[in-house]
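Heads up, the next two complexes both have chain A, just with different partners, chain B and then chain C.
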Partner chain A sequence: MMGMRAHFAGTLLAAAAMAAGASAVQAQSREVVIGAIVPSSGPFAEWGRTNTVTLKMLEKQVNDAGGVNGAKLRIAIYDDAARPAQAANSLRKLVGDDKALAVAGPLTSSACEVTFPVANQLKIVATSQASSKPGVAKANRPWAFRNTVDEGILAKVSVPYFKKNFNVESVALIYDAKDAVSTAISTRIMPAVMTANGVKVLNEKDPLSFNTGDLDVSAQVTKLKSLNPDGVVIGADYSQAVTVIREMKRQGLVKPVIGGTPLISSAILKAAPEIPLIAPATFYATMKGARAERFVAELQPLLRKESGLPPEIEPSMYDANIYEIVSMYIDAVKTAGVSGKPEDLEADRTKLRDHVAKLKGFEGLGGPIGFNADGDAIKAFYIVQGQNGAWETKVRGCSSANGGGC
Partner chain B sequence: MLLQQLVNGLTLGAVYTLIALSFSLVMGILGILNIAIAELFMIGGFLGFAAIAAGLPLPAAVAVGMAGAAAIAFLIEKIAYQPLRDAPLITPLLSTLGVSIILQNVATNVWGSDPLQLPAEWFDRRFQLGPVSIGAMQLVVIGVTVALVALLAYLVQRTSVGRALRAVAENRDIARLLGVSASRITLLAFMLSGALAGAAGVMISLHYAAITPYVGVETGLKAIAVMVVGGVTRIFGALIAGPLIGIVEVLTVAYGGSQVRDLVVYGLMILILLLRPQGILGGARTDLGQRV
Partner chain C sequence: MSTYYAGLFADVGILLLGALSVYVILATGQLSLGNAGFMGIGAYLASYLTVTLQWPLTAALVAAALACGAIGIIVGFPALRLRGIYLAMATLGFGEMVRSFFLNFEPMGGSGGFHGMTHVSLGTIWLWAGGVLLAVLVLERSRLWLELRAVHDDETAAGLVGLDTTLTKVGAFGFGAAIAAIAGGLFAHHHVYIEPANFGFERSIEFVLAVILGGSTVGPGALVGAMLIVMLPEWLRVVADWRLAAFGAFLILVLLTRRQGILDRPLLARLAFRRSAA
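After this line comes the complex of A and B, so read on.
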């Protein structure tokens, strides 16, 4: 009898152990899929490639720490080459094939303007890591978000600093006509904010422009010089702005430059170190703060190890933004009752959207993050000055309407 | 400001001239458009940049850019043209388009998509001539272009190699009957055009002290417009059309805005095609060389 009882107990224990093992295996085989759309090729490839390294680092960190609710995190990354149609196709693939819970990206405002309506149609959260053209998320509620601050809000803080610090009474505008946010910065935002601050815009009716990829901007800079402005507004991403700044230096137009967030990079600081640059940023590689410094310390060696990236590469603001976006999604999966079951996918996506929409005080790399009713981030930002090879914080601001929440 | 803009236009036009000559050389002899020339220009620029960064003097950097681009042109001829020479005309055009995309991707992977920048000391000395400011590098660009065009003119008009090139362009079969090796001449045309594009790349990258992997497409398309305006198979038409397009482009940007720049430049090309399809120096219809 004793033998039978022992045998029965042993069988029970073995069955329990097997069940526990099977459950563990099941949890491990379950996946939480987050999608990402980044431009790993094309003109913004540098940003896309560093975004990719950042996401792989985050994926490893999360999985090494036990995954998301016991399930493995998989970040499915697609290259949109900064092409709007390719970004929209990538989103469809992430929704249909990868069964992603939410998507980080796309990066450019031009791509967001085409992709966000698709996100609304397919009912999946898409949060851009870089788009800052006014109103892009607002036009695509309730599924579109941006972990960035509207350039209009940033300019209201950067322009007074620019005017006061460099005694600027007049500016001239030059911009990349093929880029949505650059066009918005130079033709709408800056002229309005400059005028409101009593700065004369010398070519408001006829701003100078060039096209993405142009290496020769000599004609534009010659005309810029003939206007004799106290400062220059450059609406362009840093890689295009480098061309303008170098031509300014070549033609002897050494005047302070102001622009939007796309100017922020370490590469632009080398273009003409004696020309002061003013731009807003929510993160930059030499930023102070425990979270930011740890992020840079972990990511920078990985970026520098990756082939295809320059040896002096540093984490960009958009790496920080995409890291925060996916971290927010993971937080939502853990705390918003997301089941992760295939049959609950639609309901899970809705729970995730509601969580992100109501998010307040999420610990980002540069301070707490939330979202306003337009889908744009409420977070701290910094007006930084680049000169003699380094960025330095000059003013701290908060993107919320009442200045709170940062 | 107008005089300064003319100097800007002349410099830009000089670079267009060299790339247009590259296109003309292959077009004149084979009747095909080697699209990859635009990217050979870009690769030449990166190689010249690398040479300067390694401490080599300017003439050596130009030689490195030319030799590197010529070597890649050699491979293009062997891989993307020669096996397809009996295929319809569109086939080698598409294969060179494929090569150009590959070259752009290779450059992005090797050098990154950010602009490579030369240090500040590479900003050249400038000379003030009344209201006009001209940089030493601008003078070098114009000077090297004139020298290379003169060298090419001498090669084509006065040497046995040039006679062979012209013979193959005129009639491949008769040239072969006269003992000219059509295959070798074709290869030579590819390599010469590659070297010219490489030289243009070095010039432009050093002039702007910056280069990106995406510089080839726009500049290459403009050079094709220069070739058409000058006369597709008239090699030296580019000498007139290059500065013309460069100045038209710069003046359009200065007085009309960059939004209408391409409209004016390519509009001019279409106008020439409609009114004088043989180009300024003629030749598009009358002496288009047979394919080798």
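After this line comes the complex of A and C, so read on.
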């Protein structure tokens, strides 16, 4: 009899243990899915690959710390090869197949132009980590956001510093005509801000241009030199700007250079250390501050190990931006009453959007973050000067209209 | 159908039209590497008509096709003096010229692009793509197609038997350009945003690739090629960073084993026979 009782108790215990185990498994198998669209192949593969490593690091950090509200975090990352059509299709897949709550990306403004309308149609938040072409999120309210600052706002702070620090009275323009952001910076934003600050633009009517991928810009730089400017405005991303700066050095045109956020990279500093560079940034790898320094210390070894890129690779501004975007989504899931149940998916996505739209003072890597009515980030930015192989902060600015909120 | 596959099928439909625009020109033995240029003109023109002048989409597409057809004929005349690789180079130059034009054409946004179009449904895209494919299939069974093939096989002989080779070649250019314009108009209204970079050299190559891969001797080859070019990179996502390399390897493999493309007349006949036998 005793034996039977013991056996019965044992069976009960085992059943209870199994039930407990099952509920634990159930909790563990619950997932919070955040989507990401990054260009791991194609022209911006470097940024896409470092973005991927950054997101995998964040996913591990969150899951090691117990997940999101007890559920496991899964970041579904898709490569769009920087092609707008693939970015839009990736978003559709994230919404329909992966049941993502929100999406980080896409990276380029061209991809955003095509993907943001789809995000609006499917009612899911999409926040770009790099697009800075003026008005892209504004044209796609209310679901599109960008964790970047409009180049027009940044130039209003960088130009006065450039003028004062280098006694610049005149500038000449050169830009990558194939790239929309570069064209906007050089032909619209910079000429207007320079003129407003009393700096003469020597070739405003006939700015010098080249095309993405051009390896020889000697003719353009010769013309640039003949204008004899005090400073040079380069509208291009860093990989193209390197070609111009190298040619300037070769032709002895050692004049200070100013550009937009796409100039920021460590690679450009090595091209011609004697040419001072001024650019705006919301983050750079040698930035001071506890959060930023910890982020770099954690990410840098992983980038070297996993990205498949050269060993001098450093976390970029876009890695910081995408890290902040997904962290912001996770914060929203935790605090905005997101249930995570499949039947509540649409309501959860709306809660997430409302949370992001009203966000104020979210602790980012370079300071607090919020969003303005256009969907662009209100965050601190820094006018940095490239010298001796490193970027150094010279001016701190805030992207809000009244200068508050950063 | 999931929204994801709906998006992919929309891309297939647009690429099918682009591939058919190359196929029609290729039928006369002329290789055009500038059809993205015609697509670009069609996209900008149709968008201007629907956004600025508030035309309905169908009328805008027809007008864009007619205008591009006329431009195709104009481009076709100087192309008559060129053959083979020289013609390919000239058409490539035309495509780049169009792209550069729109890059500097500020009224349509320049490098900043143009938006404001209304999204077009998948059904409309396939109504056009299917309709044009059907028209090409009907054309393939006509006497006119035999004339096109005759010019392709031996232009001198075709001229000697009394065929107007100039009209055939220029006409094919015009028809191809018109199809490319429809592809452009639908592309603009599917993605609701266009910029000059959408109509670069890579796009022209994609059209030619769809024809070569799917089968350059039969119309439905363009459909097979378009399907593979859009779907394969998506299905190969499992190999992550290697997906484009895997896609390249697949292309080489197909061209090594089937130089004429996946679909050809014997295979089509066999498939048709099986169907009728069943």
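Simple rule for what comes next: the second predicted complex is superposed on the first by the 385 of 406 C-alpha atoms of A that agree within 3 Å, B and C clash if a C-alpha of one lies under 4 Å from a C-alpha of the other, contacts with A are read in each partner's own complex, and residues count from 1 in each chain.
To be clear about the criterion, a residue touches a chain if its C-beta (ideal position, glycine included) is under 8 Å from a C-beta of that chain, and two chains touch if they have at least 3 such contacts.
Predicted model, so just to flag it, every value in this text is computed and none were measured.
Colleague: One more residue to check, A:K163. First (chain B), second (chain C), both or neither?
Modeller: Neither partner.
Colleague: For A:K379, select first, second, both or neither according to whether it touches chain B, chain C, the two together, or no partner.
Modeller: neither
Colleague: Which of the two partners, first being chain B and second being chain C, lies in contact with A:G96: first, second, both, or neither?
Modeller: second
Colleague: Is A:A177 in contact with chain B, with chain C, with both, or with neither (first, second, both, neither)?
Modeller: After superposition on chain A, A:A177 lies in contact with both partners, chain B and chain C.
Colleague: Scan A:S41 for contacts with chain B and chain C and give back first, second, both or neither.
Modeller: both
Colleague: More chain A residues touched by chain B or by chain C?
Modeller: B
Colleague: Please indicate which partner A:S226 is in contact with in the superposed arrangement: first for chain B, second for chain C, both, or neither.
Modeller: The first partner, chain B, only.
Colleague: After lining up the shared chain so the two structures overlap, which partner does A:D79 touch, if you call chain B first and chain C second: first, second, both or neither?
Modeller: In the superposed model, A:D79 contacts chain C only, not chain B.
Colleague: Quick check on the superposed pair: does A:H355 touch chain B, chain C, both, or neither? Answer first, second, both or neither.
Modeller: neither
Colleague: Both chain B and chain C touch chain A; at which residues?
Modeller: Shared contact residues on chain A (touching chain B in one complex, chain C in the other): 41, 177, 308.
Colleague: Show me the residue ranges of chain B that touch chain A in the complex, using the header's touch definition.
Modeller: Counting only chain B, the residues touching chain A are 1, 4-5, 8-9, 11-12, 105, 108-110, 112-115, 117, 119-120, 123-124, 126, 133, 135, 204, 208-212, 214-215, 217-219, 249-251, 253-254, 257-259, 261-262.
Colleague: Name, in rising order, each residue of chain A that touches chain B in their complex.
Modeller: 41-46, 177, 206, 208-211, 213-216, 218-220, 222-223, 226, 239, 242-243, 246-247, 249-252, 265, 267, 270-273, 307-310
Colleague: Once bound in the complex, which stretches of chain A touch chain C?
Modeller: Where chain A meets chain C, its residues are 40-41, 49, 78-79, 81, 84-86, 88-89, 92-93, 95-97, 110, 113-114, 117-118, 121-122, 133, 139, 177-180, 183-184, 308.
Colleague: Would you mind writing out the residues of chain C in touch with chain A in their complex?
Modeller: 2-4, 6-8, 11, 103-104, 110-113, 115, 119, 191-193, 195-198, 233-234, 237, 240-241, 243-244
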